[in-house]
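Look at the two complexes coming up: chain A is in both, with chain B in one and chain C in the other.
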Partner chain A sequence: MKLQDVDVAVIGAGPAGMAAAIKAREAGAERVVIMERAEELGGLLHQCVHNGFGLLYFNQDLTGPEYGHRFIEKVMDTGVKPLLETMVVRLTEDRQIGAVNAREGYITFKPKSIVLAMGCRERSRGALDIPGTRPAGVLTAGTAQRYVNVEGFVPGKKIVILGSGDIGMIMARRLTLEGAQVEAVVEMLPYIGGLIRNEVQCLHDFEIPLFLEHTVTRIHGEDRVRAVTIARVDGRRNPVAGTEKTIACDTLLLSVGLIPENELSVMAGIQLDPVTGGALVDEMRQTTVSGVFAGGNVLHVHDLVDNVSWESELAGESAARFALEGKPQKRGEISIKAGTNIRYIVPQTISGQRDATLYMRVTEPEEMVRIKVGDILTKGVRAVKPSEMLKIELPAETLKKLKEETKEIVVDCEKRGGK
Partner chain B sequence: MAQENTFICIGCPLGCEVTLTINKKGDVVGFANNKCKEGEKYVLEEYRNPVRTLTATVLTQSSSQPLLAVRTNKPILKTMLVQSMTVLARARVKAPVKMGDVIVANLLDTGADVVASSNLSS
Partner chain C sequence: MSRIETEVLIVGGGIAGTAIARELSRYKVDATLVEKGADFGQGITKCSSTIMCQGSNTLEFRSEYHNSRLVWAGMPLMAPLCQELNIPLKKIGSLELIKNQAGMRRPEKMIRRFNEYRGKYISPDVEPLQFIDRETLRSWEPNLDRRYIGALYDPNIAVNDPVRLTIALAENAGQNGVNLLLETEVLGISAGIDTFEVQTSKGSIKCRYIINAAGEYIGNLAQMANADDFALYPVKSYQAVLDKKMGGLISHMVFSSEDGMVSPTIHGNLFFGISPGTQRLGKAHDHSTDKKLADTALRRAQELVPDVSSKDIINSFVGFIVFRNFEIGWHECTVGVSRWVPRFINASIGFPGICAAPAVAREMVEILTRHGLRLEENPEFNPYQKAMPDFSELSDEEKKRLIAEDPRYGHVVCRCETVTEGEIVEAIKRGAKTLDGVKFRCRPGMGRCQGGFCGPRVTKILARELGIPETEVTKKGGESQNLMYKSKELLEAQP
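== the complex of A and B ==
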C-alpha cells in the first residue's frame, strides 16, 4: 500500500484507534492505515491486567489484554495496515500528516480522511502544586501500573494514593496483592472519583482506608518520600488548618485525572471544548476541520472502554464515508447545550438528520432524576454520578420531532417529582 | 441476638449501603436501606458466597517480556485472594504461552484454574 493512496489514516492504536480502523474497513474504505508510536497494537490495554472490560461490548468479563487481543486480531483480519514505531508529529488543516520512524525517517502524506485516536495522559504532580520537597517515589498511578504489570517491579512498600480515580483504586488492590501496604487513599471530593464496583472490590475488600474530603498538603523526604501530610478540606476545597495528619510512606501515587492528548489537533487548527479538553464534534464525530474525525479518550475521558470502542466505530465509519464520497459532509449545526446539572455533552452539535449517540457527565451526584433532551426525549435514571458517564441514543425517528428552525437543544438532568 | 451485616451494592451508581439481618439460626430475617430488589440478590450473594476473579501476573523466563498476565477462569472466594498470590509468586512460565493456557490448575482446590490472559511468544 502506497501511503499516497491511503483512504483513512488512524492516529493511535489503542482501543479507540483499533475500533475506528476496523470499522472504516468494514464500511468500505479500501486502504486504512493505523499509526502507532509504540511497538505493538493495543495501547494501554496491555498493562490493564484487571478484569471488567467488555461487560457491555462483548457481554463478557475480560481483562485488558484479552479485550485488546480481540481487536488486534480483527485489525489483522480486516487488512488494516499497522505502521508501528511511527510517531505522527505534524498535522495540518488540509489533512497533511507528517510522521517519523527509524526506517524511513520523516514521511509525509495526505489521506482522504483522518481519525484522531491519541487517547489521554495522566495529570502529574506539576499540575497540582503540592508543597514540599522533590524526592523520588512520587509517580502517577498509570506509571506504577506499568512498573507492576509489565516491567516487573513494585515501586514501593508503604503507599499513599492521592485521588480515587479508577486506576488509583485498581492499583491499591494490585499493590496490596503484591505485598505492599497501602496506607491510605485520599480524595478531595465528598465521593469517590471512580466506579462503585472499584470502591468495593479494590478498597473495602482489602480494608484500605479511604479519606474523603482530604488532600495531600505536603510531601516529606530528601532522597526518597518519607511521609506525606494530609488535611481535611472545606467546602471550597481548601485545607483546614489544624486537621493535618502525617502518614509515613515511601511512595505517593497520583490518580488525579486524565487529559486528552490534543497537541496534533491544535496544530491542525481544530477547535477544542474547554470542558472536555477534546475536539468539538458533531454526531458523526467530525471535528471542526473537514475530514478529520475523533473518538475515545482524545475526545473526552471515558470510564468504560466499551464506550470508547463504540464511539470510535462511529468516527471510523464516518471517516470511511468521507473518504469514499470524496466530498465534504455538512457539519451538524444544531448545538447541544449542557443545562441543569450537566457538565458536558459530546457531540456538541448534531445535524438532526441522522441517529445521534450522546455521551454526557453530570456535575453533582443525584438520585431519581429525569434526563430531558429538549422537548423530544425524556429518560428516567435512578442515580447519576460525575464519574459514571451517561449515554443517550437519539434515533433519527425521534429527531424528526424537532421543529424546522431548531438551532439549539438543551439537555437537563432534573430531580424527579420535584417542583 | 440477630446479627447485622452491611454491604455496599455495586449494581448501580447509587451504591446503597444495605443492611442484612441474620437470626441466630443463620436465616435471613430482613434487608434494610436498599432501594430495589436487585440489591437483595447482590447482598445475599455477597453474604453467602462473596467471589472475585483474581487477576495478576506471573514471572516468565523471557527477558523481553518479564511478566505474563494471568486470571482465574472463574471467580474464587474473596478470602482466598491473598493466599492465591503466594502460589502465583512461585510460578515461572516458559515461552511460548497462548492466551487461555492453564498456568496453575485447580488453584488451592478452589476448582478454578489460573490461565494466561496474554500471549508470550518465543
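== the complex of A and C ==
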C-alpha cells in the first residue's frame, strides 16, 4: 500500500485507534493505516494487567492485554496496515501528516480522512505545583504501572498515592501484591475519583487507608523522597492549618487526572472544548476540521475502555464514509449544552438527522435523578457520580420531535422530587 | 583514594567555576575543577531565571559596586561566547512597566544614568534604553494588562539556557586540558606555607591556588580554609514554567517592581516569577518551593498578563541566590582574594550571576597573575564546541538526512519536546550519567508531561549505554535512584 493512496489514517493504536481502524475497514475503506509510536499495537492496554475490561463490549471479564489482543488480531485480519515506531509530528488543516520513523525517515502524506486516537496523558507533579523539594521517587501512577507490569521494577517500598483515580487505586493493590507498603491514598474531594468497584477491590480488600478531603501539601527529601506532609482541606480545597500530618515514604504516586493529548489537533487548527480538553465534535465525531474525526480519550477521558471502543468505532465509520464519498458531511449545527449538574457532554453539536449517542459526566454525585434532554427525552437514573460516564442514546426517531428552528438542546440532571 | 597535585583548584562546577575553568584553559596551566554533584550547573545555576540582563536592573546597583562593573563587562561577552560554544541566546528585550505618572520619573532617571555610564562602564555596543508610550506598548504586547501607561525598554535583554551553557563551558574546558572531577566533594582544607592540602570525598588534592566558586556553599568552603571574611545570605524566589502553547502570549520580558515578571524562555515556553531581591531570606541550601511564594508569584504574574493561568503550569522551581549583607551593600559581590588567606580566591557574583560569569572568569586570570601565577598562552586552545543535535529544530530535509545517517534519530523518545534516541545517546556520550543530566542536555522530560511517557524509556537507554542495571540509574546522582527494586525483590525479602 502506497501512503499516497491511503483512505483513512488513524493516529494512535491504543483501544481507540484499533477500534476506529477496524471499523473503517468494515465500513468499506480499503486502505487504512494505523500509526503508532510504540513498538506494538495495543497502547496502554499492555500495562493494564488487571481485569474488568470488556464487561460491556464482550460481556466477559477480561484483562487489559486480553481485551487488547482481540482487537490486535482483528486489526491484522481486516488488513489494516500498522505503521509502528512511527511518531506523527505534524498535522495540518488540509490533512497533511508528517511523521518520523527509523526505517523511512521523515514521511509526509495526505490521507482522505483521519481519525485522531492519541489518548491522554497523566497530570504531573509540576502541573499540580506541589510545594517542597525535587527528589527522585515522585511519579505518575501510570508510569509506575508501566515499570511494574512491563519493565519489571518496583519504584519503592513505602508508597503514598495522591488522588483516587482508577490507575492510582489499581496501583495501590498492585504494589501491595509486589510486597510494598501503601501507607495512604489521599483524595482532595469528599468522594473517590475512580470507580466504586476499584475502591472496594483495591483499597478496602487490602486495608489501604483512604484519606478523603486531604491533600499532599509538601514533599520532603533531597535525593529520594523521604516523607510527604498531608493536610485536611476546607470546602474551597485549601489546606487547613494545624491538620498537617507527615507520613514517611520513599515514593509518591500521582493519580490526579488525565489530560487528552491534543497537541496535533491544535496544530491542525481544530477547536477544543475547554472543559473536556478534547476536540469539539458532532455526532459523527467529526472535529471542526473537515475530514478529521476523533474518538476515545483524546476526545474526553472515559471511564471504561468499552465506551472508548464504541465511540471510536463511530469515528472510524464516519471517517470511512468521508473517504468513500469524497465530499464533506454536513456538520451538526444544533448545540448540546450542559445544564444543571452536568459537567460536559460529547458530542457538543448534532445534526438532528441521524442517531446520536451522548456521553456526559455530572459535576456532583447525586441519587434518584432525572436526566432531561431538552423536551425530547427524559430518563430516570438511580445514582450518578462524576467518575462514571452517562450514556444517552438519541435515536433519529426521537430527534424528529425537535422543532425545525431548534438551535440548542440543554441537558439537565435534576433531583427527582419528593425524595 | 587518589592523590592529585595541581596548580589551580577550582571548587564548584556551576556557571562561575566552569567559566573560570574555560578561561584558564586558554593558558598553559595545570588546573583541576571539582564538583560535588553528579553534573555541572545543578546548584544555583539551575535556579537562575535564565535572563541575561544588565541595563535597567543593574543600573540601580550603581557604578561604585564591583558587581555592577562585572555585569556590565560580562554582558557584551555573552553573545560571542554563546556563539563559540554553539549555545542558543535570544535577544527578547525587556519592558519595565509603568503604572502611574509618579512612575514616569524612573525611566527618565534610568536613561540619564545609562547614557552617563555608556562608553565609561558600559560598552558602547550596548543599545540605549528607551521610553515606550502606551500605544506602542499595546501594539507590542496586546495581552498585557491595560493598566500600564508606558515602559522602560531595554533592547539588550536576552534569554538563554544557563545549565546548557555551563555544561558546554565545562566540556570545552575539559577538551582544552582542564581536569574535571564530578562527584568530588571538598571535605577539608589545610593551608601550608605556599600550598593547600584539600581533602575530598575521592582523595586528597595538593594545590597552590584555590578558586572558591562553590555557589551557595561558598561560605562553607571559605570556612574550611578560615577564609570566611564575608557573610552571605540566601534569598529564595519562585519561578514557574508554562506550557509551550502559551508561549506566544508575550514576546518581551515584562516586569514591574511590584508585580513580578513574565518572560518567554529560550525554548519557547513562558515563565513567570517573583523578581529576587525583594523576598525574605530563605534557609541556607533549602531548595524547596512553598505555596505562599507560589500563590504570590501567580497573583502578580496575572496582574501583568491576565491570561497566565495555573492550569498551564508544567513545572515550578525555586530561584535561589546568595547576596552579601546589607552593610557592605546588598548587591555587592564576593569576587577577589581572601583578606585572610593568600591564594584563596572567592568567586561569587550573586545577582545577576550568569551574564557576569565571563567577566568574573577574566578577572580571575588577572588576579592569579597578580598573585604570582605565570600564565602562558595555550597555542592549542580551541574555543569552539560542537552543538548538541536538536532534531525538533531541523527542516524536513535535514531530518531525513540525519535519520538516514543514524536511524536512532528516527526514534522519538520524548513526544512533548520531540527528542530522539539519537540525541539522548549523544548526550550520554558527552557525559550525561543521570536522568537530569540527559534532561538538561537535550530536554526529554522537560515538556508538558514531565517525563511520564519518556521516563521509563530514557532510564532504559541510560542503563544500556552506561552498562548498569536500571535500578542504579539515578535522577541526579547520590541516592536518587529512580527505581529501587526489581520485580519480586520485595516479596523475596519478606519472611
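What we mean here is this: the second predicted complex is superposed on the first by the 417 of 419 C-alpha atoms of A that agree within 3 Å, B and C clash if a C-alpha of one lies under 4 Å from a C-alpha of the other, contacts with A are read in each partner's own complex, and residues count from 1 in each chain.
Just so it is clear, a contact is a pair of C-beta atoms (placed from the backbone, for glycine too) under 8 Å apart; a residue touches a chain by one contact, two chains touch by 3 or more.
Source: prediction; values computed, not measured.
By the document's definition of touching, both partners, chain B and chain C, reach A:E178. When the two structures are aligned on the shared chain, A:H69 is found in touch with chain B, with no touch to chain C. When the two complexes are overlaid on their common chain A, residue A:G152 makes contact with chain B and with chain C alike.
By the touch criterion defined above, A:P347 reaches neither chain B nor chain C.
When the shared chain is aligned, chain B comes close enough to touch A:V384, but chain C does not. By the document's definition of touching, neither partner reaches A:G14: not chain B, not chain C.
Chain A is touched at more residues by one of its partners, and among chain B and chain C that partner is C. By the touch criterion defined above, A:P260 lies against neither chain B nor chain C after alignment on the C-alpha atoms of chain A. When the shared chain is aligned, chain B comes close enough to touch A:V200, but chain C does not. Looking at chain A, you'll find residues 148, 150-152, 178-179 touch chain B in one structure and chain C in the other. Partner chain B is touched in their complex by these residues of chain A: 46, 49-51, 61, 63-66, 69, 148-152, 174, 177-179, 196-197, 199-201, 204-205, 365, 367, 382-385, 387-388. Within the complex, the chain B residues that touch chain A are 8, 10, 12-15, 35-36, 52-53, 55-57, 59, 66-67, 69-71, 78, 81-82, 85, 99, 117-119.
Residue ranges on chain C touching chain A, taken from their complex, read 240-241, 245, 287-291, 294, 310, 313-317, 396, 399-400, 403-404, 407-412, 415-416, 418, 420, 435, 448-453, 455-456, 460, 470-471, 474-491, 493-494.
By the touch rule above, chain A contacts chain C in their complex via residues 37, 85, 87, 89, 98, 100-106, 108, 121-122, 124-127, 129, 131-137, 139-140, 142-143, 146-148, 150-157, 178-180, 217-219, 222-224, 239, 250-251, 263, 266.
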